Structures are given as structure tokens and as C-alpha cells.
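Presented below is the structure to which this report refers.
Residue numbering begins at 1 within each chain, and the chains themselves are lettered A, B, C and D in the order written.
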Amino acid sequence: MRSSGRWVPLVAVILLVGLLGTTALGAEPIKVGLHAPLTGFAAADGLSVRQSVELAVKQVNDAGGINGRPIQLVVYDDRADAKEAVAVAYKLIEQDKVVAVVGGSYSAPMRAVAPIYQQAGIPMVAGFAVHPDITRAGDFVFRCGMLGPIEGAAAGEVAGNVLKAKTACQMTMDNDFGRALAEGFRKRAGELGFKILWESLYPLGEQDFTPYITKLKQLNPDVVFTSGYYNEAAQFCKQAKDLGLKAQILGEEGFDSPKFIEIAGKASEGVIIVTNLNRDDTRPVAKAFIEDYRRLYKMEPDMVGASNFDALLVIADALRRAGSTDPRAIRDAIAATKDLQGATGVIRRFNKLGESTKPIQVQIVKDGRFRYFAEVGDPAIITPPEK
Amino acid sequence: MGHDVEIDLDRGHRAVLLEMRRVSKQFHGVRALQDVTLSVRQGQVFGIVGPNGAGKTTLFNIVCGVYPPTGGSVFFQSRDITRLGSARTARMGIARTFQIVRSFPRMTVLDNVLVGCGHRVYGTLSGLVGTYNRQSVRDKAMDLLKLVGLDHAAGTLAGKLPIGLQRRMEVARALALDPRLLLLDEPCAGLTFGESEDLVGLVQRVRDGGVTVMIVEHNMGVVMSLCDEIAVLDFGVKIAQGPPLQISSNPRVIEAYLGKEA
Amino acid sequence: MFWQQLVNGVTMGGIYALVTLGLTMVYGVLRILHISHAGVFALGAYIGVVALRLSPNLVVVTLLAMLVCGLVGVLMQRWLYRPLLGSSRIVPLIASIGMFTLMEDLFRLAAGPYVLPLPVRVPFGLDEVTTSVVTGNQLVVLSSAVILLVLAWFVINHTRLGLAWKATEQDFETAAAFGVNVDRAVAMNFLLGSAIAGAAGVLVGFYYNSVYPTMGSVPAYKAMAIAVLGGLGNVWGTVIAALLIGIIEAFLVISPVGLFLPRDSIAFVALILVLLLRPYGLFGRR
Amino acid sequence: MGLYQVTIAITIGIYIILTMGLNIITGYTGQVSLGHAAFFGVGAYASAILSVRHGFPFWAALPVAIIATALVGAVLGAVSTRLREDSLAITTIGINFVVVSVFKYSSFFGGALGIGGIRYPSFFGHMLTKPEYLPVVAACVALGIWFDRRLVRSWLGLALRAVGQDEAAAESLGVDSPRFKIVAFMIGTAYAGAAGSLYAHFMSFISPQDFGFPMSISIISMAVFGGLGTLRGAILGSCVLGLAPEVFRPLVDYRNLMYGAMLLLMMRFMPQGLIGDGSVIWERIRSLFAARRLPGRADERGGV
């Protein structure tokens, strides 16, 4: 051990010079933090989030950054665990001194860190986490994605008015995401008057849906609204086709991933989902996101990535308008966001609670690709609660 | 299989400490003990002999309450202890050693003996919180270790001692219960002649201290020199009981041990 | 509807049996809770994905997976468990958990966090056969499970190796005393147990057409519960317990009880209830 | 000390209390519990419900949570007396799964959404901030250490270790092991209850998956990593494995890999744990002390 001791001071000097060197060249970077579940059960979503936000940063910096200053992204893995997310939050605030944060993780960690960012006065924009309490933490917390109940209500709207279903069943994934969606769907079904024959609850990570489908075949509803992430969704559709379930399968943003189509194969044909990424979107921002993503990462983008891509755009747009990196100014600028062109649609505005209002896209799988099917823009459904 | 009329040599001048009435025990159909009746008097060294698998250790385990008999009952100081668990029988004053030595390997020899000293406290709640390593208790434990010649090894971990020394520690640990009855399960197994001699001396000192001893042993030399009375078990049945001389000449005992003459 | 549910249950039971079989065999011989067995199960699925490049035929892919997983099992036993036999019971358990976490992350780093499909070609187009009660895929899983279980039954009950295992199970020293090469017997035990787990990995990867890094985590602990439920070390008790749990889950999940009791804890609830009545499991012995 | 360091210190303090509790159950009394996180959860939920729904202040919620958890622990203790080592280990896994699904399924426990709005303790009207919460946790850790030292020196501690090392021998010396196992579980789960309460008030929001089986694995890994059966091992193990995720954080993608590898190599090459009884490092430390200490001290009491 002793011999290497002599080298340590020398190496340290070289490193120091190196660091100083880089920052001196470009204008001082603006540090933005990112939470993402890069390992653990949610590693796939973590990778989509990280790749999409890094793409957004690249696009912003290529276009001259924020009045000449580049955005520097600081990413930490929270394994979708509340304890780790709290440690990540303080590290971002105190050590990395970020001016704003993209909340790209699941509901439990995001909910645990929202009050921390509120107290520290650092604006956070959550991507796809659906828990209602996240934005209730205070005025520094915003959300780009949809609220569970709103998305569920949109699915109810599609089932009732678009598909004219008379009977439906719900296959609800048993976590806060699944339950929030089921609640929205149930409420909308009540309003539109179609009957829910059966609501079943299945565990996260479930693979064998044959028992549930056998019962669904017996009940034979017009529509089955299923909540789940892309692996559960693909298993459900595949086994439903194998067992010959006739009902129209209606999914949600969890289905929205190329992996769903790849695994479900032929069984994904004709499945309709409510989501917020429209593949046939003609708007340049959405087109650029989809094409750049495919070119850079050689894989299809998904909703999880898109909603966090937008969260970064919201922060970048606010930084430009605020013209300063003072977190309080950034927060005010975010709150004043108006008709921002995002990959997931036009973000009209953020309400007092920090929830965004966006029309909800409805996609259908045709010849192995998501295509436009409908859009739910009725303010009665898509306007988030104010308090 | 009738059993011999019990010859009560002492005409009862010493009280009966332990009595087993028609005790039998079955393990999944195998009859380990069948209708065994015997009584041990205060201050005796009572030997139990018999070929392997005769049910000697089963008898010990029943007396100590490790498991209840399938039939019959056991009395200690004329109190029924048949269904009492091994912990409660131990606290009543029945101590034992094991055929295969069972020390607390990761505790020091001293701590091993101290576990025995706690018998007054284990039944209570308040007593449990007191510190166990008090001077008075440690002195008592050290005296016991001196008795078995292990006071020099008090600080070493029991697991590190050779088997012979662990067995001696087990005796000291059992004596820490201040027992009225001490059950020794093949204490001489694996010992050298000299070590067996020491053990005989030790048992005699224990007996002189007023402790009644029951001993299961194959080493007939030890049994003959130590025991006042001997019971012989064969296939779970008591085939003879009496003083050593009378037992060694009993034809049925010889037959059980050496098989029938051709 | 009843028959279809029964088939659903038996299919899941078959999969549980294949995963749990290796676990019980290993426990029988080494008395070790081999949690990284589920890592071997997932490894089998990943070998399946790699083997697809050589040949799309399910049988070829399964055999390759069995071979590799068997060897990995033997390596684990040699390198990890044998040196730890002396230490306290909990140490191999924690080492096995460390190994399992390590394997899951290695899969993620090697093959990415995403779910990979396993589009194998099934001989005689068995998977296209679909009747009202049994789907093609279920037929494939059931037939493979039967073949593998019969293979295991034959090895355990009718070969010298199986006899050696029974001897080693009773007591290491006495078995060695009677000329059983204990080391080789234990290694072969791991070989067969791990190979079957590898095959189960391919089967599950095919049945759900999905292979992903954490596919082993639920089977890991559910298989443990089933192994104990069947009586630790009792191979056939475990297979029966696996089928029972598969069937109970299929019927319980769609009943109102399903809303209170999540599927994955049914095995544990059953375990706790049985253990209170029979501390050694349904068919276990002292 | 920034809030980042305070957060880590509080988290490690909570881990130490959990690991000390498990060390009493598994380390001293030899009853393998792989479901300790369930009791961490019982303490957290008890404290959360008492403070959010019934307005209990932290100082009242903590003791009640400890007692409630100890009672639930007694039930597990009773179960453990009927089971043998391996089936007990698996059953504790089962209990972990079942307890978490009770939290997740019943609306009383807030279901999958968990419980939020758990207030920080207030001291004479002043609500503690996070840095001021650290001394509260530190005090609980100190109390836990003091109680452990008292326990190890008491007859109860001696009896527990006897049961842990040879149950039949302990029975033959008057120790009725079922009763003592239940007491061990009660004490160990009481520690977990305290940790749970501290965790709930620290995070101000708890959800079922915080108390799942992976958490139990972390706790037992810390105890075994430091050296099972020793207080010093529990403390060191909690610090090392508690800090590992932060130390490895820059290795963003390889964190889980390093954790698994560390556990595996540790168990493979140093089964006694870093500073457990009989471990190379501890022997060297002791020989260091022994050299300086007056030779001939009669005994070496149970693992410090």
C-alpha cells in the first residue's frame, strides 16, 4: 500500500486542473436535477426517463441553451424507493445545488420528496407519477403527467361515448396508480350509465392472467378496462387472445410502450389506450422527440419518457422567461406557462395546485403501431382539481 | 414378562426420592420402555445398565421431562412430575448431563456454569433483570469448577475445550442447579482409565455432599464400584434390580448380556 | 369454466413444481435455503434468448439452458456453499441472497432492463392447438413439466445417484463411510436441480413471451414457501404442494376473497396455517 | 452538517435500532427472523395512525407504537416455539408478505396510498426541524445500546444466549425456552417498533412497500455483515451497509451490483462478519487491547 501513497497527491492535482479547465470554456452551466429509478423493478422506466430527459437537454443545449448557458443534468437513481429518494433530494439541493428538478420516478418516492423541495424552495416538475398528494405539497411542485382519476375518467368517456359499451369490467393493478385509475373510470361509468359487472385486483408484476380471463369470458362484458405497466398489459392481452376473450380491451398510459406491442405480438392488434403521446402527432416538437429518440437510442419512445421530456421543456422554457436561475423566479415562470408545445401535447397552463391541463390522447394499435384513435378534450373531464 | 418382587433391603430407613410406576414409552410403534417400575432412595448411587437400545436414555429423558411417557407416572419427592416440562423438573432439583456432550460453545466455561446458577431466577420475572456475574454467584461457580478441576479454564470458550473436559464442565454445570438428584448419562464414555477413576471419585464426593445420583454406564467396573443399587433394562423391560453383587450373579442378566449358553 | 380454471391452476402448479423441485433437492442434501436458485431460473430464460440465435427450436433451446444452468449450479455449490458448510446456518442463506441480487443486476447490465421476447418454435406446432379448455401454450408447459418431473422421478428413485442422495440426506459422515462419493453426489444434485430450474426458466420465458432481469424475484420466495409447505427435502411432497397452490390460487383469485388476499401471499398464508398444525409441512418428517 | 448528511445520519440511526433488535432475536437467541421489516412497519403505522387520526403527539405515539409492536411480536414468538429453524425462517418471510398486504389492502391503514401528513415531534410548542430530529434519533439509539448492555449482563440475556446456542441444554438447566423465545421476540420487535415510529415521523409519509421483504433482507444483512450475535457488529453493519448506497451513488448504474457482490464476498470469505466473535479483525483488535491491558483478567464476558 505504501508505494501508491506517493502518487495520490499528484493524481489529485491533475484532476483539479482538468475540472477547472472544462468549466472555463462554456458559460457557467445551469444545473437541473433528475430523479429516476435506474435499478430495481422499475429499471426499464428509469432508462426511458433518463434517455428522454437527456434528449431534451441535448435539444435545448443544441439550440443555444438558456440565453447561451448550457443545462447540466444531474441524474441520481432512487430505485423507486422513498428512503433513497429523500437522500437524493438533499444531495441535489445541498451538494449539487440544482435550481430545478425533474421528478422522473414513481408516486411513493415523488410524494416523499415533494415536501422537501417545497421547503427548500426548489421547483420540481413531476413526470408521470400520479399520486394526488404530490402537488398538494405546495406551490413549488408541479406535474406534467395526468392525474390517475382524470385518466380513468377519460377511459370511462371512451368506453361510454366512443365505444358505446353497455357493460364493462375492470382489471385493476393493485397499487396507487391502478386504484386511482379505477376510481376515475368508476365515477365516469356512473355518470354515463354503463354497468361495471366485476372489478378485480391483481398484484404488481403478475404474469398469469388466465384465471381472471376465464371469469371475464363468462361475464362477457363489452369493454375491459385494464390498468398495468407494459409487461402486465402484454401478458393480459396475449392470454386474452389465447383464451378467446371477445371484449374490447381498453388500456392506459402503462400500455404505452413499444415493448407492449413486441411482447403481446398479434394480441395487441386493436387494443385502445388512453395516454398522452400521440404517434401521429404532426406538431414539430412531438415529431422531433419521436424521431430523435429513435435515431439516438435505436428504440421506440414511450409515454414515461415523453412526460419527463416535457417536464424538462417546461423548466427550460421557464428558465428562458425568468431570465435568471433564482428558484423563486423559475417557479413563478413555470406557474405562468402558457400553451407550451410538449411531446405529450399542448400544455395549456398550470393551475393553482400545479397540475397541468392537456387534452388526453386515445391511441389504437394498428398493424403493430400506435395510431391516433380519438382525443378527449372535454374540460369537465380533463380539468384537474384546484385544491 | 412378570417383574421380580422388589427386594427392599433398606427397610425404608432412607426416604424414596424418585419413583417410576409402570412407565412405558412408544415411538411410532417402537416400544422403548414397557411397564418399568423402580424407586431411588435419598443418597443412593443408582445404576441403570443394559445393552444398547435397552431404553436407558429414554428412561432418563422421561424422568427429566424431555417428553412425557405414553403410560405410567413419575413421582419426585412424592410429587407427580410426569407431565412437567424439562425446565420445571430442572428447577425442582433434577439435573442431568447428556450422552453426547451439549455445551454452549460460544460462551466461556464460567458462563456455561453460571447458566445453571440461574435456576432460582428463571421462573420469576423480576429476578431476570439482575446482573448474573455478581461476585457471590461467580465464587459458587468457581468452586464447582475447582471441584471438577477446570478452574484454570474458566475464561476459555467451551467450544474450544476437548470433549473430556467439556464433559467435566457439564457435571459442574449440572451441579450449579444445587440438585437433589443428578442423572449422569454415560459419563465415562470415551474417557481413559485414569479419567474414569477421577470421575468415580467425583461422583462419590457429590454423593457425600448429599446429592442422589442415577447413572447410566456401560463400564461395569465403574458401575460395580460406584452403585449401591442397579436396575437392568433389556428391550425396555426391567429384568432385574438389586445390589451390584446380586445383579452380577443373576442368570437372566447374564443371559441378556452374553446371550444364551450354547 | 371450472375445467378451464383447473387447467389454469395445474399449469401454474407445474411451473411452481419445476422451480421448487431443485430447491427441495438441494435442501434435502445440504440443508441450505438456496435462494439464488431463482437466479438460475432467470438465467435459464436468458440462455434461452441467447440460444435462439443458434436454433429457434424449443427443445434445443431448453437443452442448452439446462446444460449451462446445471454447470452454473455446480459452480455455485463448489465455490459458494461447500466452503460455508461449517459456518452457522444463516451465512449461506445471506450469501445466497447476495448472489441472487448480484445475478439480477448482472442480467440487467448485460441484457438491458427491458423485457425481451422469447419467440421459440414449438415442435409439431403444439402451441397452435387450441381447444376450449386448454390453450396451446398451456399444453406445451404441461407436457414439458410432465417430462421433466418424470426424468427427475426416475433419477431420484431408480438410479444409484438417487440412492446416494438419500444416503447423503440422512447423514454426511455415514454416507461417506459407506463409500458414497458425497462430493460428487452433492454436485450432481445441484446439476439436476439447476438444470430443471433452467428448463423452467425457458418454459416461463416462452409461456409469457417475456424475459426480464427481476423475473426470478416472485418465484424465489413463493418456491421457498411451497418447498416448506410440502415438507423441506421431501421431493414429491413439494410437487404436490406446488400443484395445490397453483389450483388454490386460480380459484381464490377470482373469488371475492381475491380482493383481500393478494395472489402472492396465498402461498404464505397456506404455509403458516399448515405449519401451525404440522410443524414439518404436509409430508415432511422430523 | 447539511440536511443531506443529517438525513443519512437519521437513516443509519434507524437502521442501527432495527439491527440491534434483530440481533437480540437472531444473534443472541438464535431464532432466524427474515421478516423484521414487518414489525418496522407495525411501529410506523401504529405511530402514523395515532398521530394523524387521533392527534397523539410524537412523545405519546412512540411508546404506544413500541408496546403495540411488542404485542404483535409476542404472537410471532408463540408461533416460533412450534417451528424448527428453517421452517421458522420461511414463515417469517410469509409473515412479512402477509403484514405488508394487510397494510396495502385495508383502508384503515390507508391502503396502497399509504398515510401522509405525519407531523414532526414538537418540543414545548416548537415543531422540531430535521436537524433537531437527529438528537431524538441519537437518544433512542443510545437508549437501545444501554438496554442491550443491560440485557447481555442480566440473567435474561444469559438465558437467551443459552437458548440460542443449545436449546436442550438450556432446558435441562431450568430455562423454559418457549417462554424466553417469546420474550426475545417481544424485545426485538419492540426495537423495530421504535425504529418504525421514528421513521414515520421522519418521512412524514409511509406506504406499504417501505416495509417489504427486501427491507428485512437489508436488516439481516447488516447484522450478519457486522458480525451476528454482537452489538458492535450490529452497529458497524448498519453504518457500512447504510452508507453503501450513498457511497456507491456516483456509480449510478452499478449500485445494486456492488451491494450484492459485497454481501456475497463478505459471507464467502469472512462468515463471522467484519468484527464478529472469531473474526480476524476482532481478534487483532482484542490482541491489541490485551497487550496493553493488565494480563490475567479472569474472564471475557459475552460479546461486547
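Simple rule for what comes next: a contact is a pair of C-beta atoms (placed from the backbone, for glycine too) under 8 Å apart; a residue touches a chain by one contact, two chains touch by 3 or more.
Source: prediction; values computed, not measured.
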By C-beta contact count, A-C versus C-D, the higher one is C-D
Top of the farthest list for chain D, CA-centroid basis, is B
Chain C and chain D have mean C-alpha positions lying a whole-number Å distance apart equal to 32
Distance in whole angstrom between the CA centres of chain A and chain B is 74
Taking each chain's centre as the mean of its CA atoms, chain A sits from chain D at a distance in Å of 36
In chain A, the residues touching two or more other chains are 39-40, 174
The positions of chain C in contact with two or more other chains are 105, 259, 262, 264
Every touching pair of chains is listed here as A-C, A-D, B-D, C-D
So, in the complex, the side of chain D touching chain A is made of residues 2-4, 6-8, 11, 104, 111-114, 116, 203-207, 209-210, 245-246, 249, 252-253, 255-256
Note: in the complex, chain A contacts chain D through residues 38-40, 75-77, 79, 81-84, 86-88, 90-91, 93-95, 108, 111-112, 115, 131, 133, 174-176, 178-179
Chain A partner, complex, touching residues on chain C are 1, 4-5, 8-9, 11-12, 105, 108, 112-115, 117, 119, 130, 135-138, 204, 208-210, 212-214, 217-218, 249-251, 253-254, 258-259, 262-264
Per the touch rule, the chain C residues reaching chain D in their complex are 27, 31, 33, 79-80, 83-84, 87-95, 97-106, 109, 221, 224-225, 227-228, 232, 259-262, 264-265, 267-269, 271-272, 275-276, 279-281
Note: in the complex, chain A contacts chain C through residues 39-41, 43-44, 46-47, 174, 200-203, 205-208, 210-212, 214-215, 217-218, 230-231, 234-235, 238-239, 242-244, 259, 262-263, 265
